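Take a look at the structures below.
Two complexes are shown next, each including subunit A; its partner changes from subunit B in the first to subunit C in the second.
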Partner chain A sequence: MRFWEKYGIYLIAITTLIIFTILTPNVLSLSNIVNLLVQTSMVAIAAAGMTFAITGGAFDLSIGSILAVTTSVLCKNVPILGIFGAIVLALSVGAVLGVMNGLIVTKLRIQTFVATLATQIIYRGGVLIYTQGRDSDLFRYLDIKVIAGGRVLGLPVPIWITFTVFLAGYMIYKHTQFGMWVRAIGSNEEAARISGIKVDRTIIVIFVITAVTTVISGTIYTSQLLTGNGRLGVGFELEAITATILGGTALAGGKGKFWGTLTAAIILALMKNGMNLLGVQDFYQRLATGLILLLALSMGVVSERIQTRGNRATRNQSGDTNE
Partner chain B sequence: MTKAVEIVKITKTFPGVKALSNVEMSVKTGEVHAIVGENGAGKSTLMKILGGVYRPDDGQILIHGKAVVIKDVSDSVECGISIIYQELNLMPELTVSENVFITELPKMKATGIVRRGELYRKTRALMERVNIELNPDSLVNDLSVSEKQMVEILKALSHDSSIIVMDEPTAALSNVEVSKLYSIIETLKARGKTIIYISHRLKEIFDIADRVTVLRDGSFVATKDIKSLTQDDIVRLMVGRSVENFYNRDHATFGDTVIEIDHLSCAPYFQNLSFSVRSGEVLGIAGLMGCGREELAKVLYGLLNRTKGRVLINGIPTEVRHPREALRAGIQFVTEDRKDSGIFPLMSVKENLSINIIKKLCNIFSLLINTEKENRLLESYTKFMNLKYASDSQRVMFLSGGNQQKVVLARALAGECRVLILLEPTRGIDVGAKAEIYDLLGNLAKKGIAVIMISSDLPELITQSDRVLVMFQGQITGLLERNEMDEERIMQYATGTHFGEGFTGGAL
Partner chain C sequence: MQLGTSQVIQMNRKKIMRKSGRELGILYALIVFWIVSFATNVHFRNINTYLNILRESSFVGLAAIGMTFCIISGAFDLSIASMLALLAMITAVGVEFLGVFPTVLIVLTLGMVFGAFNGILVTKLKIPAFIATLAMLFIYRALAYIYSDGKYRQTMNVRFTNISNGSVLGIPIAFVIFVILVIVGTIILRRTPLGRNILAVGNSEKASLISGINVDLTKIIIFSLVGTFTAASAILITSRLWSANPGMKPGFEFEVIATVVLGGTSLAGGKGSVFNTFISAILFASINTAMNMFHVDSYMQRIIIGIILLFAFSMTSIREMTQTAVRMRRSRQQNDQPQEGNN
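This part shows the complex of A and B:
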């Protein structure tokens, strides 16, 4: 059980890879692997933020809308502010939306799931009003393509960004006071409060993190597609949550798995990529993704199996008898 | 002597309830000051005000002679107050050291990265000071209840506070661990700390307190030197009347063997247990945390599966692999974990009572619940158990601990009950309710039920049991008849010291 929880996700990754390699050897070509990782980056970066949220016992369902906000803000403002200025603006808008999520959750005392369900709709409405429902594009500002298409030391920029985000995320999660506070709150919010942890502030920061990571994803996305509109990113939050849960982060909170999230994001991209190479229709891809998630859940790779009271008690007590 | 804490005319009202009214008391610097009172007397509310969890409506708090306002937890810490709450307030997914120093993590200035090495050393140093032995890096989730309690104590000591409040710190501790706690308290006292100690166990108060304050129904009753009091005095002050025959019950005559356990094993918890319980008999089971007694209860009730052996009910070998089968065989179980696995907090008193036998309460032809039958059931148990609640649709979560426990018991009795297994039947409930539960136990035995009572409360075991079975490391080490029971002997068997080996303690 412990073994599965710890390494199961990597076994699934390797198995998936082997299966696709047998079916279509192209999967393992260097250019395809690089391509695959670039495809992974979008969901993976937002999923890194989501890992923080779920570890802290929070959900952020609003990130799909924040993705649409990002693409629209970038496409409308790059011509005015330049690339750098527009990205700073998008990050600021994202941070403000994150703070709003956080304030609604902590001050109005609404559960994160429903609070962000509401802001998902509100932000979506806001961005549609902002764009008047029209697409905007950056076809005349191709410099921005450097974000998705540029290479540093031979590797595409999105891969570097993903790697940096996960490394930073992991360090914060594991080795800083903030990271410990997030785990503490997810583990037992009441205890955290009584221990003197600034619970509300930590939760607000969590939502800023999910929003800002989404803005980073959205920036890569915009630089790939060069278009922005208010209807993009529907269901994006579910992809990020899927990667997080498949990676082994406990929905109950307290236990986050950063490298699991990254691996899961790669598996999801790999399945899409492999099936594309095999010419499998999108419909079947979804079916397969759902089945993989179910498989991982049932094998206990993910800690969401419902434990009956009795089992849990025995597991807890096995510690004493070892003595 | 100066005064560490003075509470002046503190009042606190919750919607519909006056939790504290005009409470006045003072605690001297360097003393161990006990606070006692029945559940709902206001002890915990008072402590939560000191801890900054609640704010008083009126009144004043003086710490070391200075008036202070405690708005939140950090104010309380700043005043030099640390509180060990009754419910364990730990973060299970964090390590011991992270839990202890969560708000005072040592970190590098520039990067904010936590210095693991120093955190480990700080925790070790703190542990050495109070002589607690734990691995700072183990996850709290993997610790036993008593070890968690020790972490809670460490957490309170980490601030180096001058005033330490302990709210029922021994609820989850075995006797060996309680004496460990005593020595920690002695150490703290020797270093000039002031201890406020809340407990239901009067014996403990006589063991360690210098003075005692009694609260009743949110009001101050008295503060007295412990030396000037007897247990009966305190009980009288607490309940406002004397509780007769507090610790005594009539012992019934026994009938035939109801349940026989034959070479029962459940690896790795216990091996080769054999004993039997007759109708009308109360068999107490003693043992330290981790000795396998809880697992034994779980196997009998079908929550865990045995690996070897047999269980016979009325002489017939009975297979119990699931609670459903246990209920069918007339085995009822009352858990120690009332809040988490005993009551359905959001459901009404009535629903909590009838849920196990709801099928029997339905009309035969329709599938609807016969409310009249249900009401009659509630009525009879309300009378039988002296249940107190506002209305029959009141949610069980709003009842006092004692009344909740009675509801859980009533549920067990409402079904067919030949064997009643009780795990810590009076944990966390007050003296008045305790006496009533003991009365009930006597009545049940008289009715011919075979009772198996697992408890860490030795006086309870000794006064309520007809025989006491003692377990140590998964085996039966002793079976004591009424005339052989005393605390010392039980502890010898429970710690394995009757073998003459140097065994050092329980789960610690």
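This part shows the complex of A and C:
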């Protein structure tokens, strides 16, 4: 169990990589790997924020709508404010939406799952009204392509951004008071409250983080597609949650795994990429995504069972394993 | 004097019945909504509008009955939208080849099997319900696409399409089915050992386990109930649309969860009623209809629905907060009075 919890995700990553390398050697070509990592970056960055949320015992289902907000805000405002100004604006809008999520969760005392479910609908409606349901594009402002297509030291910018986000996320999680508070709240909110942690404020900050990371993802997305509309990003929250949970972050809270999240995001992109190279239909790709999620999640239990069977002394304890 | 077990059970049952009787806020909300709509909009003075609302409420409502059990037990089933698409495809194909009655039986059974499979994942592989059903969301949807090869399927069987489009004595058949199943659901929840076990598991899984309830089996049955009711919903929706397609109804699970929660079923588990879910489904359909009648912009409609949801979700905590405030004031007054007397 311990071993699986710690290294299982890396084993899966290596296994998938080996399987796809055998099936199509093209997977391991340098250009494909770089391409793969760029594809990963979008889900991965939002999943980094989601790792904070789930560690703190919260879900953010509204990020798909926030992604749509980001693309629309960028596409409408780059012509007016310039690239930098538009990105700053998008980040602030994201932060405000995050604060709103946080306030709704903490002040109205609604569970995060349903609160963000409602705000998901509200934000989506808002962005559709803002864009009046129309697409807007940036085909005349190609400078923004630098974010998705530019290279620094030979590596595309999105890879650098992803790496920075994860490094920063990991540092905040491990080495700051805020990180400790998030873990404490995820383990036991009541205990955290009693021991003087500012629970409400921490939860609000968590939602700002998920929103802001989503805006970063959305910025990369916009610069790839050069279009924005209110219908983008449906199901994006599920992708980010999938990556986070597959990466080993405990659903019950209190335990986050940043590198696991990143690895899981890469695995998901690798599977998509490998199956595309193999010419597998989209239908079967979805099936595979679901199956690998189930497999990864049940492996922990299976390996635990095997260990318990081997060790009779621990047999009695298996009855009261807590979830 | 000690009370016999049967007496205790009877007392508890009475208490539960009284409690569920007290929580009829949603019914009052529906009545108020109808009265206001009746007064302000001319279309709401037509009986057909109400019949239509009842018909539309059945489709989400049926699946919501199953989800009520699930949420009472403290779990979610996120896979039902995909399951619905798969079952609807099977229905549309089956009706053409096998006829109405065998298809309905097969689809309901399949729904039960799919649900039971979800349940086994949750109980035997010990994957939390949230992610197990999240994974199944991908899998059922993929199976729907594979089964249909990505194409939609039409059915021209009038006997079948009559189920959702026809009426009996002026009342939509779909709604009659809905009402019957609501009664069945209420009986299951309130009058059977299974219902008692569901409530117990929702209250405390550990306590239920210790008191000898087969928690795993109860959960598997709950998920197969969800599957069965989703299957019923799939049949009615296919019948209503005369067709099915593999990408249909994305986000259906959220609609259903919202209906259940608006009906006052606690997300923390252990509390809820099928009847309130029933009323809540009708209220939702009424709101949707009213917004169309008032020519509310379809984008604005989403915002309104979202705000209604937020309001509904915060009702419990608002009620608690006012209660605590009242209680605190009362206790403060009681504390103050004797002190004044002493002085």
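Quick note on the criterion: the second predicted complex is superposed on the first by the 300 of 323 C-alpha atoms of A that agree within 3 Å, B and C clash if a C-alpha of one lies under 4 Å from a C-alpha of the other, contacts with A are read in each partner's own complex, and residues count from 1 in each chain.
Here, a contact is a pair of C-beta atoms (placed from the backbone, for glycine too) under 8 Å apart; a residue touches a chain by one contact, two chains touch by 3 or more.
Because the structure is a prediction, the values reported are computed rather than measured.
First (subunit B), second (subunit C), both or neither: which does A:Gly254 touch?
After superposition on chain A, A:Gly254 lies in contact with subunit B alone.
Where does A:Ala168 make contact in the superposed view: on subunit B (first), on subunit C (second), on both, or on neither?
Touch partners of A:Ala168: none, neither subunit B nor subunit C.
Counting only touches as set out at the top, which of subunit B and subunit C does A:Val96 meet: first, second, both, neither?
A:Val96 contacts neither subunit B nor subunit C.
Quick one: is A:Leu128 in contact with subunit B, with subunit C, with both, or with neither? Answer first, second, both or neither.
Only subunit C is touched by A:Leu128; subunit B is not.
Quick check for you: in the superposed arrangement, does A:Leu142 touch first (subunit B), second (subunit C), both or neither?
Neither partner.
Regarding the shared-chain residue A:Ile197, is it in contact with subunit B (first), subunit C (second), both, or neither?
In the superposed model, A:Ile197 contacts subunit B only, not subunit C.
If you count the residues of subunit A that each partner touches, which comes out higher, subunit B or subunit C?
Looking at subunit A, the partner in contact with more of its residues is C.
So which bits of subunit A does subunit B touch that subunit C touches too?
323
Under the definition above, what is the set of subunit A residues touching subunit C in their complex?
Against subunit C, subunit A makes touches at 104, 108-111, 113-115, 117-122, 124-126, 128-129, 133, 230, 234-235, 238, 241-242, 245, 251-252, 282-287, 289-291, 293-294, 297-298, 301-302, 323.
Sort out for me which residues of subunit B touch subunit A in the complex.
Subunit B residues touching subunit A: 51, 53, 73-74, 77, 83, 85, 88-94, 98-99, 102-103, 105, 107, 112-114, 116, 141-144, 147, 155, 268-269, 289-290, 292, 294-295, 298, 303-304, 340-341, 474, 507.
Considering only the defined contacts, which subunit C positions touch subunit A in the complex?
Within the complex, subunit C touches subunit A at residues 76, 121, 125-128, 130-132, 134-139, 141-143, 145-146, 150, 250-251, 254, 257-258, 261, 267, 297, 299-303, 305-307, 309-310, 313-314, 317-318.
Okay, in this complex, where on subunit A does subunit B touch?
171, 175-178, 180-181, 183-184, 186-188, 190-197, 253-255, 309-310, 313-314, 316-321, 323
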